[in-house]
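Each of the next two complexes has chain A plus one more chain, namely chain B in the first and chain C in the second.
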Partner chain A sequence: MNKELITLRHVMFSYENDEGAHTEAALKDISFSVHEGEYIAIIGHNGSGKSTLAKLMNLILQPTEGELVIDGISITNAPLSDDTILQVRRKVGMVFQNPDNQLVATIVEEDVAFGPENLGLTSEEIALRVKSSLEMVGMTDYAGHAPHKLSGGQKQRVAIAGVLAMRPACIIFDESTAMLDPQGRKDILATMKRLHQEGMAIVHITHHMSEAIEAERILVVDDGVLVDDGTPEDVFRSPARICNFGLEVPQGADLVARLRQKGVKIEGDCLRADDCVREILAFLKGGTFR
Partner chain B sequence: MISDITLGQFFPGESHLHKADPRTKIVGSIVYMAAIFCAKNVFAYLFMILFTAMLAMVGHIRIRLLWKSIKPLFFVLLIMSMINLFATKGTGEPLLSFWKITIYEEGIWRAVLVSVVRVVLLVMGSSLLLTYTTSPIQLTDGIETLLSPLKKIHVPVHEFAMMMTIALRFIPTLIEETDKIMKAQKARGADFSSGGLIKRAKALLPVLIPLFVSSFQHAMDLATAMECRCYHGGEGRTKYRILKFTGVDVWIGLALLVALAAVIVINKFLPIGNVM
Partner chain C sequence: MKTLSLENVSYVYGKGTPFEKEALHGVKLSLPQGKIIGVIGHTGSGKSTLLEMLCGLLPPTEGRVLFDGADMYLSPKDAALEDMKKDGYSGSPFILSLFYHKYWKKAYALRLEEKQARRFQIGLVMQYPEYQLFDETVLSDICYGPKNMGLSEEEAQKRAKSAAALVGLRPELLQKSPFDLSGGEKRRVAIAGVLAMEPDVLVLDEPAAGLDPQGRKNIFDAIATYNQTTGATVILVSHSMEDLAKYCHQVVLMHDGTVVKTGSVEEIFSSSLNLQSYGLDKPQITYIAEQLIKAGIPLLGDLFTVEGVEKALLDYIKGGENK
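Up next, the complex of A and B:
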């Protein structure tokens, strides 16, 4: 296993209400690690605390109790210096849900340059990073475009390039596909996969199971508690359990589970649609219905 | 209907005017305005018309575009020229006199030159130098750099420039949103296009309030996203595009200064047809 990049140790978090009192804990006693180059999906129903979890990993929020270690820097509920915050944010980038609300500049390349500009890099270095980041998300042709003329998926890819330009070790996608059309969603997933292959750690927060199964590891959060942590196959092994957490089972797995209930003998997990098709075809060719 | 609005009016291009440094163009447009305000007679105005046409040629901006920039000013021009026409007291015999209105020769000159030609040239010249050939981001960069000495007396120059950039960035987003909200309200029976002025203004209220609320949401989200990208104010921040003066700037600067000088010279040595 690679080096640990982000580690949470018994992290608790509760929001403060207007009077400054803590409300019910949004996260309860959460412990897990994100390793370098790992591809993780975090799933949970609305209000389960998965977005709060993302905000902790980027220091938008600080844990109320427990310890968070990011790239060797320990973070508790003690106030942090600006330098520490910047150091963490250089390492862990974040892509948000609404592509419109994260683009700052009126031209694509200027927007990608925003992060490196904040890091105080030289103009030559910024130019290099802008170029390579746009290449990595396949948006080089749009460098001179205005962001508002791009599609949702393209805007989101620009946002990813903006994060990449800071050369982080990990990118958190906080429901970054939720507002996109199917094509845009596909593009972003493909981009994530490519970044993962290049060695970037990816944390994808989503409530689309078909997206979650692309990850190497899935964390399931339910009412602020980490209830499951394993490979997609492990997590979706018992559909009933997943349904209990207010989540859906991937369609393929659901179909196969129903067929099995009817006595049809199909092998495999069938999480992905093409696996499902293959298994069903194999079954049909097996001769039962001939 | 709303999506027709093009803001910024920037026309990307590769001309010398496009390539010039925004600082040159900002200071240059001030020189240009000074030249126009100095112009006192027909010849000076003629010279500036020629000069502006030359600028348009250098910037590859077609006359039709320039015409579009002054079209919205039609009524302002009309009213201004009327006032000049009727209010100017000439020295000679009035050309026309009926009821309470008298028109002098000077009045006609003033109406044509001072109100129409001058305003048209001012608008065309600043459009050519600034909005048409300079991208909004260059413009803000230029303003930020030009004003940066004010940082010494604690004027938040960087913050202003950042606010301008973000405002420009969000204009299309908010227009899109206005459109969406209006459609949603129309679907529920809202009527924006009939009734008097007050009724229409009232009908816009259910559009403005959601727009207002959502722009706050945009602002909050954007602030978080900016922080996540390590934004921590102007201190220690570098620039991707560093503004640099080149040969083009020298030529454009010189041309504008020569134009100003020429206008002054024409005023002095061709004192015929003075209108001021």
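Up next, the complex of A and C:
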């Protein structure tokens, strides 16, 4: 296992209401680690605390109780210096749901350059980073375009390039595919996969189970509690349990689970469509049912 | 119940400016009454422009939008001239102009009345409608629409309560502030606000975007129930092919401002149509079923929902046992 990049130790978080009193905890006693180069998906129903978790990992919020360690820096509820916050944000980038909220310039190139420019780098270094970041997300051809004329998926990729230009070790995607059409969604997933292969740690928060199974590891959050942490196969083993959390299993796995209930003995996990086809064929051609 | 149709409709944004862009081109569409109609298409294919036009918010640059047989965007001028023709006025422009004003005034008043009535006959749920919530309690927020229709307080509350029940909001939430609810609950309040006006046509732009699977199911179930109990026509845009396959009676496929195909779920998701070339996809379950058929397993029936494919496979297995 690689080095720990982000570690949460018994983290508790509650928002403050208008009177400054703490409301019910949004996160209760959460402990886990994100390792270097790991690809994690976080799933949970609306209001389960997923986004709060993402905001903690990017230091938009600080834990109310417990400890958060990011790249060796310990963070508790004590006030932090601006330097520390910047240092952490440079390590952990974030891509939001709506790309329009994240694009600032009128030309793609300039938008990607916005982050590095603020780091006080030389212009050669900035140009280099912009070029390589756009290459990584496959948007080099659009460097001179206006962001608002791009499709949703393309805008989102420009937003990712902007984060990449900061050279983070981890990128958090907070429902970054929710507003996109099927093609845009595919593009972003492919980009995530590519970044992961290049050694970037990915944390993907999503409501689409078919996207979550692309990760190496899935965390399930339910009402502020981390209720499951394992491989996609482990997490989706019991459809009934997943439904209890307000979630669902991918259609292929759902089909196989239903068939099993009717006494059809199909083996395997069948999370991905192709696995599902293979296992059903293996069963049917095996002739055991005839 | 009222029918909606489009006749050769085009729309150009920023006409006459350097940023001119054609969003719709020669769209012909007739929306069957009482059905749930899904609209699919990639980002920028013209879906939202189409919806706005159907709701009476965007007059087409060309063509006509007919609601209940009447042109929705007929100008008072054209209406007045038509009425004059009907009454037998003809002849020189001078003769016409003597009576035109009277006709125009009448036509204008009528158009205005129709327009106002239409606001309640066609209900629009915009994208992320939870941002429109504003009132102190959930109940009064849902009552806002019905009250604007001129209904009494009791009648408005009655409608609000039944709409809230329809979308699955627990009665104890009605007295809470809408801002204290979860995302899925807020969305349901916003939709209930439109349902409470009991529109003949319900138009929804991505009603389930950003919701968790359970929340998505709740919303779609509520829409389907509204359609069944009232017979209202429902038009909805969604990027979730799985949900559309499960709930829609008909699907309209849009691409680059034109309607490529209108048909049943089966016709749209069948293998003959290459959805990927339109930036779209099939439901995963349909992909699985098609792969099985390719491998020589003859599956019949509804191959667009998990339940359908389950039944098809069980039928096939049983058929094998009986041999």
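Quick note on the criterion: the second predicted complex is superposed on the first by the 287 of 290 C-alpha atoms of A that agree within 3 Å, B and C clash if a C-alpha of one lies under 4 Å from a C-alpha of the other, contacts with A are read in each partner's own complex, and residues count from 1 in each chain.
Please note the rule applied: a residue touches a chain if its C-beta (ideal position, glycine included) is under 8 Å from a C-beta of that chain, and two chains touch if they have at least 3 such contacts.
All values derive from a computational prediction rather than experimental measurement.
Novice: Of the partners chain B and chain C, which touch A:G144 in the superposed model: first, second, both, neither?
Specialist: After superposition on chain A, A:G144 lies in contact with chain B alone.
Novice: Could you say whether A:L255 touches chain B, chain C, both of them, or neither, answering first, second, both or neither?
Specialist: Touch status of A:L255: second partner only.
Novice: Looking at the overlay, does A:G44 come into contact with chain B only (first), chain C only (second), both, or neither?
Specialist: second
Novice: In the overlay, answer first, second, both or neither for which of chain B and chain C A:R89 touches.
Specialist: A:R89: touches chain B, not chain C.
Novice: Kindly classify A:I30 by the partners it touches after superposition: chain B alone (first), chain C alone (second), both, or neither?
Specialist: neither
Novice: Of the two partner chains, chain B (first) and chain C (second), which one does A:L195 touch, if any: first, second, both, or neither?
Specialist: neither
Novice: Should A:I213 be classified as contacting the first partner (chain B), the second (chain C), both, or neither?
Specialist: neither
Novice: Check chain A for residues that touch chain B in one structure and chain C in the other, and list them.
Specialist: Comparing the two interfaces on chain A, one with chain B and one with chain C, no residues are shared.
Novice: Looking at the complex, which residues from chain B come into contact with chain A?
Specialist: 8, 12, 135-137, 165-166, 168-169, 172-173, 176, 217-218, 221-222, 224-232, 236-242
Novice: Could you list, by residue number, the parts of chain A that touch chain C in their complex?
Specialist: My answer: residues 44-48, 97, 151-153, 175, 178-186, 207, 209-210, 243, 246-248, 250-252, 254-255, 258-259, 262, 264, 273-274, 276-277, 280-281, 284, 289-290.
Novice: Quick check on the complex: what are the chain A residues that touch chain B?
Specialist: Per the touch definition, chain A meets chain B at residues 58, 60, 82, 86, 89-90, 93-94, 96, 98, 100-107, 109-110, 113-123, 126-127, 130, 144, 146-148, 162-163, 166.
Novice: Considering only the defined contacts, which chain C positions touch chain A in the complex?
Specialist: Contact set of chain C toward chain A: 41-44, 182-184, 209-216, 239, 241-242, 279-281, 283-285, 287-288, 291-292, 295, 297, 306, 309-310, 313-314, 316-317, 320-321, 323.
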